[in-house]
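Common to both upcoming complexes is chain A, partnered first by chain B, then by chain C.
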Partner chain A sequence: MSKKRYLGLGALVLVFALIAAACGGGGGGGGTSAQGNAGNVKKGGTFRVATEDFGFTGAFDPTDEYLGEAWGMYTNMLVRTLLTYKHTAGPAGNVLVPDLATSVPQPTDGGKTYTFHLKNGIKFGPPVNREITSKDILYAFQRIACKTCGAEYGFYYSVIKGLKPGAMPGDPGKIKIPGIETPDDKTIVFHLTQPTGDFLYRLAMPATGPIPQEVAHCFTKAGDYGRYVISSGPYMIAGSDKLNIKNGCSGMKPISGYQPSKELDFVRNPNYDPSTDSPDVRANYVDGVTITIDTNTKDIWNKVQQNALDGEISHIQPDTLAQYQSNPDLKKNLHINSGDRTWYITMNLTQPPFDDIHVRKAMNYVIDKQALRKAWGGPASGDIATHIMPPTMTGGHPTAAEYDPYKTPNDQGDVQKAMAEMKQSKYDTNHDGKCDASVCKRVLFLNRGDNPTWTNMEPTVVADAKKIGINLVPRELATSAAYTTLQTVNKNIPISLVPGWGKDYPDPYTFVYTLFHSSSILCQGNVNYSLVGLTPSQAKECGVKGDISNVPSADKELDKCEPLTGDQRTQCWVAADKFIMEDIVPWVPYLWSSVIQATSDAVTNFDFDQFSGTWAYSKIAVDPSKQQ
Partner chain B sequence: MGQTASDAIVAAEHGAVVEQEGVRGRSPWQLFWYRFRQDKLALTGLIIIVLLGVLAAIAPLISHGIVHHGPNQLFSNTMLTQGGIPKGPNGQFWFGADSAGRDLFVRVLYGTQTSLEVAVIATGFAVLIGTVIGLIAGYFGGAIDTLLSRTMDVVLSMPLLLFAIGIVAACSTTIQGCPIGPLHLTPGLPIVIFVIALFSWPYIGRIVRGNTLSLAQKEFVEAARSLGASNARIMFREIFPNLVAPILVYSSLIVPSNIIFEASLSYLGLGVPQSIPSWGRELSDASDWFTVAWWMLVFPGFFLVLTTLSFNLLGDGLRDALDPRTGR
Partner chain C sequence: MTRYVIRRLLYVILVILVITFISYVVFFLMPSGNPAVQFAGKSPTKALIHQIEKQFGLNHPWYVQYGIFVKHLFLGDQYGWPGFGESYNTREPVKNELFSRAWVTFQLAVGAAVVWLAMGIPIGIVSALRRRTLIDRASMGFALFGVSAPVFVLGLLSLWIFWQHLRILPGTGYTSFSSNPAEWFLQFLQPWVVLSLLFAAFYARMVRGNLLETMSEDYIRTARAKGLPERRVVFKHGLRASLTPVVTMFGMDFGLLLGGAIITETVFNLPGLGTYVVQAVNDQNLPAVVGVVVLAAFFVAFFNLVVDILYAYLDPRVRYS
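So, the complex of A and B:
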């Protein structure tokens, strides 16, 4: 479930969220759940979590790290940023609030300049123990620009004047970024090359949090700073106070509370001043958080049930989910929240028979989405997806009920409507509603072979496609190999059940722009699997075999939205979503998956962090007397 | 074959009969059959294998004529709960449903076909390759023997699962699979058979080579050579018939390991695709469900154990009957 594994993909590409086998998931209906009553919640105790594997993509170095689980730890506990979120569930958790900054600024200079003033009294944790200044934020951006530091999502900051993410050589502390000014210790100004409506969201990502140069200058290789992260938040890595920074770089030994193959422990940061924060943003009930590695999934869930652990960062197995749902004592400890994530069947616009829009529409009608969701664990696993963006991405609209261009009874597919679409296709020469062209005889269908959720969905897709005369030939690969294959354009994969997409930050840019803009097409590591907007030169360069004359583009619709802000922006993205669903039809979206979490009886307050899709650590409270 | 010696044993065992009927010559095969018949366990194994073969052959008749469910027919509305949990055995679904909502009885039945196909075809290829290469290595000796024997060592030392993963990954990205000469290797049964044959022939090859080495020194081979027989004739007409017994014994013993091998590959998702029922695949699916759907584990597991056990018993029986010098 909540194991989001992100890969940075270089250059212009935005993000691609790879969910490991572990990301199946399932919980109910995308509802949000917060339990307990904040008024009666007691402070103290330790929140104990286990995971099969940290799965960090950047060794927990905030400059690099691209894993949602790690973002949850940073934003709740360890790294404060200019702006942040309320660390709560649902659309409320996707709203920006000031954190280091005194307020959320309005842009000036036609949307190209942002000025921030920093709050007083926010200090780095031990052993640095000094007030945080604008230079420390600048240093974080210098690390994003730094060639050796390995920033995995640096491309988001290429809109800052003179910042070339991951491409500027030399000591990061000496890198000049003309687009960032620090006129005094409490002011930082960003100048952008173009109006960027979602720039503020990018300043709430952990890579932009302050980093003390006196420690981090020793760690300028990708991931190296991960074991020396100095806190700016309410908690710090246990043992941070023992870090010796007096004897230069060679005297520093990794902070003891983080052992990459064993555990990651957090304790309160003595320098944190709650008056600089808000209990709505971080309540900080527990005294500490321990995250330990336990490779046995069943063991983790058993321990949560026995109150020997208080939570898990782990994929819930179908039988465990069934057990939770049938037992009221357990069910009250199950928390199901929207994962801001869409799962879909992707169709390649250049490959027959999917180079015909009627075939793609027919596929949207014929697929039994209810049956696919059953393979995920039924309604608990999420809402049936009817279009591209999960409703939480656009402030709760449009929901599946509001916009469902390929509506079928009970989402179980409608063969008649599908055949009516197929009849209009050039591949149905006798107009009987079934593809009769030779291209439909054997169509390669790429799937994951190492995950029961995917292999259980496979027969449904194959049987449904057959109803309109398309014979899919499944090919199963392990998840990572399947992704690599799908992302290599010259493999010309016609149709695949492999991918899902999750947000990086709660703006549709990270969804639709990244996935459907022609500029996101790369020959290797491509995430625009359908090749929407493919140009003839790209086709040639990447080795596309097939007819590209009918490949539609969404560039115009997407470019329009990016400079906008506020409600105009949201409406623009919603319109782009509709355009893609009806005029391009690259996907059969089937599930907006939820994140399923279980707590022990000892957890007296639960909240979900909508931004990072994991525990709202700063809102969790425990009752130590109930812990085993 | 130590014919005289074994005749003596038989005579001693059944002295009374022999005395009454007088000493009568028996062919090696008569002797084999006589000994094999005594081995009740081996006979049981044989009978079960024959029954499984019959079941595999008439699987379509049973599935369409009696239970009226196809192996890939989906019953996700009726046989899966709202939460996607499979429902257990009932009057229509004798073994319950699997996690995709298919009839597990029909899947297990068709799984017999898959297992036996893999067992017979992959073992057949392995025996063919192993016999030819073992004969050549053992008969010619010298540099040829060194080359072929070391090849066997190399194959035996290859990490077969990694190799299988590589092949499956390489051959899964195009509709044609990957070309090997005129053949196109597509994922599913062809790759499974290819991988299994590739990794099991050296076992036969070594046995055949060893036996050939000693047989090539025997008088009858020298006699044949002095009569001007060609190498090919000596190998295949003189030596080969003497190898039939060990080959038979060892192939019956690698059959069950090949069945398990197919199940393991399918368990790891490297074997046959969803559309082809396989016990290994069903067991792999069951590993996520067994606490709420025991039938998914029990039925394919039972058939897998039954089949491999039967082949093992048969193999043991064959060995005892064909080579009485190796006592139990």
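So, the complex of A and C:
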């Protein structure tokens, strides 16, 4: 090699190094939101979305899947149910409308019988290609009852006579459910064991959508049908038409459009008849939807900004939010909607010092909720939560301004009020407003360690608790491990910043009943983290180590709400919320979070699906000429 | 030689067994709770958790699960040989995913290896032969930069410059060679260069040091005294001896990379083993974690063996019997 060549090589290397060293990172900013994109709405094109991980809990099998993002895909594109929603933002998006059914029925038999008639002309997509009948809906319920199928929210259907969710052995197609009748192909009747005010909402959940037995009978293990889902909606998984169902179960290979660790592609279902649907419910502008996996969060948001993607399924980080809010070109593409979700600090009623209600009240007074929201990115992240249920769940009231039992100046915490509460606690023996008992010296505080939002909130909670003498010792785990740890009762976690809770359907039952009724306490997978209503037998079975003599119950307040309907029902749940916040105090609720989404310049029509808390795929339109 | 290779292959199996055993122990001793709970929904019933445990095989004690895993690994499972089981979150055979992702990682590793050898060795040689000159200092400056700049910084910087601003290279993602060779090359170019910078810098320093030491040996002086051309002295006598440790390092580094380049794959959104194992750890997806561990351990152990065999050819003093 000549001297000249050596010099050339060295110079090349140096230039690369200097370029790399000289160029700095991107910018930042701050601001608020905008809703919708202006422009001509035309049919066609592909809506391209990316996510870090699908995160499906049931491998995309509609019987099992319990992830809101998946529900958005089903209800907008893939699975039609007896009833559905308008797939739009705000209160209108929480109203039930007929889908497979001709109308929304009124219950008979004292609220215990519901009869549905099915529309004509609704067919399964390829390769099944036949008209949907009431037997296909019955089969969905048989899979919910099936022991091996793994229906994750099957408990909602235990009110149907003779249906034992996940407990009935044998071939699902042969399971007898006395509470469901199909007198003809176009009629289905449900008989309930008791009046259930929110039963119609439960029939709009994806697990109840029709499933063709000729395909699904091959997949009766939890999650197995996820790669073979046959469409009943306006779109189907790309490649569904190639699924070979003629040679029995062994001939079926997974549909190519869904590759669990790479992408999920939807294309139009040729058997979909728009006359059986309404454009208010599904407009179906785009020809297809592509959801890909991108492990790099920053890259996803960059691609949306560059029009290389049209949207994201990704939790926005505070710096990205600030960037959007400070740049008018980006801000017009930012969409902020209510997430119908509460984030909170949970306190275990059996673990000292939180087994004392005065300590729990003191925590509610001392926490600086503004600082916690700042870690999320500021006001755009949502409203400060002052009680259990977001107002959107109870007809818009009570708002935070209308009901705030632990009000502090500007929601920044009030040490004096907190100390006044602490003085009444048995753990403050000298009544100086600070916990002086040994149980306050090292209190395990479980948090998420893999998300900067949570790690940024941690110092605030630790510092605030210290003001009333509680020394929290943080322990951080990856989100999934943190959840499973918190959900295991015998871990006896005293306090945690990990959880949040979103609705399953727009009725408070899915909030307060599931979270605070004693019947929801499970030794594993428990979501009643505070153990409200814990009985001695449950404590023994689950290995609770602590004092359970003072654990209060909300069962009476919750049980009386469930059979009610209409305004009576709503008021009953509001009263239950107040009872829990003042007489039990299991949480420090701090945020009713928003869902923040960003679109590319190519998106000409945006809507948010309030039911699933994600994209209203059936209402999105794109202009392909603007896509990169 | 054959006996030596067989003995080393048995050693590879032992290494895999020990490492997978440790993975099982760590997984079950970690305070992570029951993975079945995670795949049983937001508010699961006891019956459902039990059903999921049964489906995943989590209803057995951990040592029985490990025994079943070893049996399937060597004898195959319902998805064929080698049996890696079923992914908890996709309910798909782990084997299919592992092999398709290993191919992506392989392409990344091979390309990066070519780049880092092509950069690192010449820079090291030039630097050694032109000691204390401007070229030497510039080369060592580059080496310092390459060793100290984290891959995620270089990766994001590279994307910012070449994709977002100059728009001369595509962004992140993976295109297969068969679908579009040009796109495949351009898509891999940034990850190759970024990943190779660290190694190139390291190899440059190593080659420089080795070559400087070799060039001061007596036999080099003898070769020069005999009147051999300088090129022949450097490349035939000097470089060959100084490359032996480089081959050792290359085997280790390449084997390690085949187990997944986590940061590079994450930054450039490459569906390789690195991104797979990160997802698997986050999801408490034990079969996927152990699958990657097995492959990574195999690659490292295998390339160690290859290096040892190559030694015999590079260094006449080494003989295996």
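The rule we apply is simple: the second predicted complex is superposed on the first by the 588 of 628 C-alpha atoms of A that agree within 3 Å, B and C clash if a C-alpha of one lies under 4 Å from a C-alpha of the other, contacts with A are read in each partner's own complex, and residues count from 1 in each chain.
Everything below uses one rule, namely that a contact is a pair of C-beta atoms (placed from the backbone, for glycine too) under 8 Å apart; a residue touches a chain by one contact, two chains touch by 3 or more.
Remember, predicted model here, so these are calculated numbers, not experimental data.
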item: Touching partner for A:180 - first (chain B), second (chain C), both, neither; value: neither
item: First (chain B), second (chain C), both or neither touched by A:477; value: both
item: Which superposed partner A:100 touches (first chain B, second chain C, both, neither); value: neither
item: Touched partner set for A:485, first chain B, second chain C, both or neither; value: both
item: Partner chain in contact with A:450 - chain B first, chain C second, else both or neither; value: both
item: Chain A residues touched - chain C or chain B, whichever exceeds; value: C
item: Touching partner for A:262 - first (chain B), second (chain C), both, neither; value: second
item: Chain B versus chain C as contact partner of A:299, first or second or both or neither; value: second
item: Chain B/chain C common contact set on chain A; value: 450, 477-478, 481, 485, 491
item: Sites on chain A touched by chain C in the complex; value: 1, 6-7, 9-10, 13-14, 16-17, 19-21, 23, 25-26, 53, 55-59, 64, 66, 147-148, 150-155, 165-167, 221-224, 226-227, 254, 260-262, 292-296, 298-299, 302-303, 306, 308, 450, 477-481, 483-485, 487-488, 491, 504, 514, 520, 522-525, 527
item: List of chain C residues in touch with chain A within their complex; value: 30-35, 37-49, 51-52, 55, 87, 89-92, 97, 101, 119, 122-123, 125-126, 130, 135, 138-139, 141-142, 145-146, 149, 154, 156-161, 164, 171-173, 193, 265-269, 271, 275-276, 278-279, 281-284
item: Complex interface listing, chain B residues touching chain A; value: 72, 74, 76, 80-85, 99-102, 165, 168-169, 172-175, 187, 268-270, 273-275, 284-285, 288-293
item: List of chain A residues in touch with chain B within their complex; value: 317-319, 321-323, 325, 368, 370-371, 373-380, 442-444, 446, 449-450, 452, 455-456, 458-460, 462-463, 473-478, 481, 485, 491, 493
